[in-house]
Amino acid sequence: MKTLHNSFESDGFVLTSIDHLINLARANSLWYLLFSTACCGIELMQTGGPRADLERFGSAPRAVPRQADLMLVAGTITLKMASRVKVLYDQMAEPRYVISMGSCANSGGLFQASYSVLHGVDRVIPVDVYLPGCPPRPEALLSALIELQNKVKKEKYLRKK
Amino acid sequence: MNTIGIYELLKEKTNVVASFQEVEGPTPSIYVRSDFLLEAMRFLKEDEELKFEILMNQTAFHETEDSKLFWHLYFDAPKDQDESHSHEELRLFWHLYSYTHYHRVVIESSIPIGNPVIDSVTSIWKGADWLERETYDLLGIQFEGHPDLRRIMMPEDWEGYPLRKDYVNPTAYQSIDNTPSEITRSFQPKGK
Amino acid sequence: MSAALKTDYLTINMGPQHPSTHGVIRFIIKTDGEIIHECDPDIGYLHRGIEKLAESVSWQGFVPFTDRVDYVCAMNANLSYSMAVEKLMGLEIPQRAEYIRVIVSELNRISSHAIAIGAANMDMGAFTPFVHLLREREHINDLLEMICGARLTYNYICIGGVNYDLPPGFKEKTLEFLDHFEVVVEQINRLISYNQIFIKRFANVAVVPPEMAMQYNLVGPNLRGSGVKFDVRVAEPYSIYPELDFDVPVGEGYEGTLGDCYDRYLVRVKEIRESIKIIRQCLQRIPGGEHKAVVKNVIKPPKGHIYFRTETPRGDTGYFIYSDGKTSPNRLKIRTGSFTAMSIIPEIAKGVFIADLVAIIGSLDVVAPELDR
């Protein structure tokens, strides 16, 4: 999409592949599921708040998994919760993405010696971006989102069989 | 009123088998034999001079001879299963408070681990309901007379009582594999 | 329609993923039309076994875990645990540390109440006040970040005092913030607290009479909302609270019945003002000197048990610690305000509308990790 700006300046035509165009739209409208379990949920709220403002990246909170493209696993996942996380993930429409936010979601973090904590959310659902920190700062979450956007932009959406 | 005064009142007015525990730490407590628990609690709540309307906290723990015996075995089965649990017991604590007289007291009791049954105090304090459910869930103490004794923190089909000292962490639950990774294992202390 | 028309109860599942249950809490509700007939909270979706972990970490090593017990007010949780261990050891801490502790925990109380008020509003459908309060909360996060470098889980208050001294410029910035925040509280009051729509949703809903509050052992603002004037800071004074001058706001049936959702809500707003008062006094009087007592790296409190409680934003948090004289606790139990607040819901939710259940959760200020630990 580097040529987009120049094309408008010259004659008003844009020449790009459909994949690029669709991916640009998809990457900038990653609606996330409001799903916060623990401490990271507060930082997620703060990121959605006025200072960090997650919505300027086109990410709006959704309460229903069916409307969401992105699942931000914010916080510890316990064994009791694990099957529910799977259910939530299954309800999301494809293509769907997962950011595992914080050490607990990555590996169990501080609580990995506990009897009831899952050792990382990747044991139940696939994860696209791992974000370390306990809890990660809002800036870190934004960086993870940009990382995911880059991933989405590189996908070959239409050509995929 | 301080604990010794409450203890003397309890001995004077009821025939509860109790003893005054002074030795342990900053808080003295009153030890009540488990079969007299309900009588003692009812007296503590209803007596005009005491009026303990509040059950602040209810808890218990698993006391072994060497309580740290199993602490390093989080992911491994105990190496030498102790066949005799006779020296082990479950110790229970109730912390009471009075909004009338602004005093507090600690009641203590103990039950053998082979037969963990004690009277429920839900008929005296409604707030005991969830506290006792939690104690049942995590330590496996059966409260007789509790209206709705089921697991509260752990799932219904969970096995074992996690806060017992000989509890071993499960490596799987409902087809979800939860075996600790190599890195996680490397953080565990190596034996005794 | 005839009154004898027979209807069946409909079982509805609410949660664990639900935007207004404040974390992962599940309710199994039996409804008769729109009216709740029976409500059974199913908790434990965030049960992380912190009490068991305490048995395998050192005494100081448990402080970071207390942050995660109640992350909305981590300083207060640090304080409860540290003071419990200090009481068990009989440790005296420097006067300056006491002042710093009170300042940071009251700042944290403000930020916690800001979340509570904002979340209660969000549950009622008013999203804007929540975002306003998140913006204000950032200022407190900045102040606390100045002190300890963390935004949410501080690990600042430790056994024996506090980990770092106050940085230069902290006093001025805090005073500046307090001046600013006093205006914000007024704005919030004008925007929502005295807003008729909000009052109609909160007043006369889920009344908790004082006797019931005591039976269930409600604590903190929830208890005071029922008109019981009890505050651990006053009744069982700890730290430097006896020297400070502040009021304990109680519910008076401001817009309806005593002990309704609105009373519990307004007590929190009033408590913010008291906290501001406390911080101002502390900043004025704070003495110089050390910020931490000399504590060994490996501590072994004497054999014994203690139940110590302090006033946190969600009521008193009590730490029961049983020490057998070793390097880590033998048993540690945390009794929290949310746990008892949650246990009252089956009783008060009977006969209210489903939409009011959300108001109840919001007004009781239940936070999942504190509930499940």
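When the chains are written out, they are named A, B and C in that same order, and each has its own residue count from 1.
Keep this in mind: a contact is a pair of C-beta atoms (placed from the backbone, for glycine too) under 8 Å apart; a residue touches a chain by one contact, two chains touch by 3 or more.
Predicted, not measured: the structure shown is a model, and the values here were computed from it.
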(request) Sort the chain contact graph into one of these: line, ring, star, complete or other. (result) complete
(request) Between A-C and A-B, name the chain pair that shares the greater number of C-beta pairs in contact. (result) A-C
(request) Please report how many Å separate the Cα centroid of subunit B from that of subunit C, as a whole number. (result) 25
(request) Take the average of all CA coordinates in subunit A, do the same for subunit C, and state the distance between these two points in whole angstrom. (result) 30
(request) Using mean C-alpha positions as chain centres, tell me how far subunit A is from subunit B in Å, no decimals. (result) 43
(message) If I count partner chains per residue in subunit A, which residues reach a count of at least 2?
(response) 80, 113-116
(message) Where in subunit B do residues touch at least two different other chains?
(response) 74, 153-155, 162, 167
(message) Please output the residue numbers of subunit C that touch at least 2 other chains, ranges allowed.
(response) 44, 47, 49, 52, 56
(message) Using the touch definition from the top, list the residues of subunit B that touch subunit C in their complex.
(response) 24-27, 29, 53-57, 59, 61, 63, 67-68, 71, 74, 93, 95, 99, 102, 106, 125-127, 129-131, 134, 138, 151-155, 162-163, 167, 189
(message) Taking the touch rule as given, give the residues of subunit B at its contact with subunit A in the complex, in rising order.
(response) 74, 153-155, 162, 167, 169-170, 173-174, 176-181, 183-184, 187-188
(message) So in the complex, the part of subunit C that touches subunit B is made up of which residues?
(response) 43-44, 47, 49, 51-52, 55-56, 87-88, 90, 214-217, 228, 230, 235-236, 302-307, 309, 318, 320, 322-324, 326, 328, 330-331, 333, 335, 339-340, 342-343, 347, 372
(message) Touching residues of subunit C toward subunit A in the complex: what are they?
(response) 16-19, 23-24, 44-50, 52-53, 56, 64-65, 67-68, 71-72, 115, 131, 134-135, 137-138, 141, 151-153, 368-369
(request) Quick one: which bits of subunit A touch subunit C in the complex? Just the residue numbers, please. (result) 33-39, 41-43, 45-46, 48-51, 63, 65, 75-76, 78, 80-81, 84, 88, 110-111, 113-117, 134-135, 137
